[in-house]
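The next part holds the structures, each set out as structure tokens.
The two complexes that follow have chain A in common; it is paired with chain B in the first and with chain C in the second.
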Partner chain A sequence: MEFTRRETLAVGAAAVVATALPLPALASTDDAIAAFTGGADVADGGVDLDAPEIAENGNTVPIEVGAEGAVSIMVLAAGNPTPGVATFNFGPMAGATRAKTRIRLAGTQDVVAVAKMADGSFAKTSKTVKVTIGGCGG
Partner chain B sequence: MISRRDFLQVSMAASALVGASGFGNWAKLAAQQALTQDQLLEFDTFGNVSLIHITDIHAQLKPIYFREPEINIGVGDNKGKVPHITGADFRKAYGIEDGSPSAYALTYNDFSSLAQAYGKVGGLDRVATVVKAIRADRPDAILLDGGDTWHGSYTCYQTDGQDMVNVMNALKPDAMTFHWEFTLGQDRVRDILADLPFAALGQNIFDAEWDEPSEEFADYQFFERGGAKIAVIGQAFPYMPIANPGWMFPDFSFGIRDERMQEMVDEVRGQGADLVVVLSHNGFDVDKQMVSNVSGIDVVLSGHTHDAIPEPVLVGETIIVASGSNGKFVSRVDLDVRDGRMMGFRHKLIPIFSDVIEPDAEMSALIDEQRAPYEAEMAEVIGQTDSTLYRRGNFNGTWDDLICDALLSEREADIAMSPGVRWGPSLIPGDDITREDIWNVTSMTYGKAYRSEMTGEFIKVILEDVADNIFNPNPYYQQGGDMVRIGGMGYAIDISKPQGERISDMTLLSTGEAIDPARNYVVAGWASVNEGTEGPQIWDVVENHIAKQGTVTIEARDNVKVTGV
Partner chain C sequence: MAKGVRPRVKVPKSASAGDVITIKCLISHKMESGQRKDKDGNKIPRSIINNFTCTFNGETVIDVKMEPAISTNPYFEFDAKVPESGEFKFVWNDDDGSVYEETKAIEAA
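Coming up: the complex of A and B.
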């Protein structure tokens, strides 16, 4: 763990934020979900959310979401200053209702995927992704 | 003058394992007979398949001392469970008598006196004897190397791992998985892979650019043995780019990827596998959690956390076998595989007592050949030690205390940090400290000793971060190392708290004052994962310090106060 002063300052600032685990979901996460669902009930589980337990690089974290019968899946990074990541819409001709992307995470936090199903119901899965400074593995 | 070998045979109250498993029975035979090679190797061949597991050798070609940990705390569901019991609790759990060979091999108490009585352990020429003996019983036994093989010594560093490649090729493993190997850099790893005469496995090694399984490593390898189809699936260390410098192997990504592990198990079962073995570098607690998430694995050969466990741990219908480190142990697992399933097993953790097991002459010659060009530099005596120098333990060890002392004085720092790695052999009081001994606990491809300023607040952030990599109650968030070692500073840690709340009472030892979050402190450390780190190599720093000391004495330290256990 070696840091130049400039890096120390920069990393330090980011890492101080990371000490709260997970980052508290900002109010706008709930707002975003409410806007997506129109206030309807959201079932827990039922969305596949593939994300690493510990990010290899918080600046580019590979994730994959999918849900059988979904017409739309919204992805949120609950602890980012701007939680909104993406909403994937699947038309009737979509071969698979899955999507893969890379996202940036400001620190350890929950990644949330909310799926809107063809029947109008909603499902949600979240997973904690740890962003660590690392460096002392056995 | 009686030689050590004779001494052992004449007077040691020791015995060998008889029966189905482990060291447990040794105590019954203790005081009746001396320890012999035949007893160490005695095994009632069982079933139709034999596996031989060795892991985390860390380039230790020659016999060494290795003190097992006193402090190895389990958290969450693993609190108080194997491998998180040590010392007297461990001996009680496995019926091991105090002072017996198994007590010496598996626990830390009375280490220096038992070490003098029982001698060094390991040595790949002794391992070769054991492997050959097992192959004499079962010619088609499958030898599996769990990784951390091409790292950890003077010769390994100087030859970019070639010494270990040459020696292991002569031992003829059937497959291998990886961790520290990648710190040779991805180009060198590819060089070696190009000529590797056995399978390089890792279902969780991915191409970083495309986030797809790497085509440079196989997911699994099939073997036909005793009329059964055996699939060995590889699982490399999941946290490579986090725990080690990712810039050295930017093309690769890792992770636990237990959903893909399930796909692989289903795939090999679909291809008719009667037995599914995972050759893993996850670490023990991660392996336990993985097999509770993934169904259909019969045997996990577990590496990374350096645990030596005398009996397999059963999770559901899966057995997990852990085989220690530094060449100190070899596991033999005989299996009865019939009708598409594992019907039974017999297991033995074989301690490589170097004065009891005859070295294999061919392998001795090959090892000496690797070492010959460097022997003179390695053998140079830098100082002596009055204390046992060891590394294992969650918070500190005397080797790292000494390394931190060296950093503080040679680098004129307020605070020193040494990484919580688990490799590195021990020395006992009265031993010379040679250059080779220093390299055995410091050798790595990113060993430069940095010196920089950090605020008190940032030092706390580092401690909190590393502590969560060890004490997060979910094993999947643990990286399998130990706490970063601190010199020049004391602190208290409550391991039961969440990240951000574990560390308190940080104190600068030189003044007795509390660490000021806003103040800058000069921190010296080594093994930075950041590219472009500058400073002298850590082994030179430590060598200079020891040379000035002449004789090293490290008293037990209490600068870390642990609660919440």
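Coming up: the complex of A and C.
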């Protein structure tokens, strides 16, 4: 099978479009939340999520999560190839239920924090972070 | 064991009993995500630290489950109670089964 010059250009352009399409896998984020909560209702708000509005480099984005009375907090990046980032479990010697870390983001996307409270309820906060250089290789 | 892994932990040397202190820890590790490809197009296998725990005299302060989206040289900052003098123990678990440990004593007045 031979391509004419025009067909070759068309195929090339299609390939570029295919790779440029965003990769968000929202369904798997919902799955991850459901696995964490066991299907319980998740209230909006009540979790402090501090992340920069614009991250120049997606390889290391500083974030801070915290929630009053939480026993564990899960952080998800909705637009990464795999949404899981980290789950913080706070023990009896934790001075405050907050933690800071640095994460990778593949591109501009929502970062989601889901907290499990001591009374068994769940709360969720999300924040959009703009990323100029992605951090997941590829 | 991954090469060049070195934990660094910052804990105050002393505190008043009952104080809450901030602990910062960093471990040098490449945290290969399993998503990158080498120049021949083969996937570079995942190699990360998947768990981090901090305990004070055997009681948990924080236990973190880590996924590949944690940056190279994982950094954590968190707060801990210091009811008495004792020892903080930090443990990192690597995908390859290696365990990296660090301990820091603290004097509570």
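Annotations for the structure displayed:
Methods note: the second predicted complex is superposed on the first by the 107 of 138 C-alpha atoms of A that agree within 3 Å, B and C clash if a C-alpha of one lies under 4 Å from a C-alpha of the other, contacts with A are read in each partner's own complex, and residues count from 1 in each chain.
Throughout what follows, a contact is a pair of C-beta atoms (placed from the backbone, for glycine too) under 8 Å apart; a residue touches a chain by one contact, two chains touch by 3 or more.
Fair warning: this is a prediction, and the values are worked out from it, not measured in the lab.
In the overlay built on the shared chain, the residue A:P81 is in contact with chain C alone; chain B does not reach it. Of the two partner chains placed around the shared chain by superposition, chain B is the only one that A:T132 touches, whereas chain C remains out of contact.
Once the two complexes are laid over each other on the shared chain, residue contacts for A:N59 go to chain C alone; chain B is not touched. In the superposed model, A:G69 makes contact with neither chain B nor chain C. Once the two complexes are laid over each other on the shared chain, residue contacts for A:K100 go to chain B and to chain C alike.
On chain A, the patch touched by chain B and the patch touched by chain C overlap at residues 100, 135-138. Taken in their complex, chain B has these residues touching chain A: 208, 211, 237-244, 246, 253-256, 259, 283, 304-306, 417, 419-423, 448, 450, 452-455, 457-458, 461-462, 464-466, 468-469, 472, 474, 476-477, 479-484, 498-500, 525, 527-530, 533-535.
Interface of chain A with chain B (complex): residues 1-5, 7-8, 11-12, 15-16, 18-21, 50, 52-57, 62, 100, 108, 130, 132-138.
Chain A contributes residues 59-61, 77, 80-82, 84-96, 98-105, 135-138 to its touches with chain C in the complex.
Only residues 20-22, 33, 35-37, 55-56, 59-72, 74-81 of chain C touch chain A when the two sit together in their complex.
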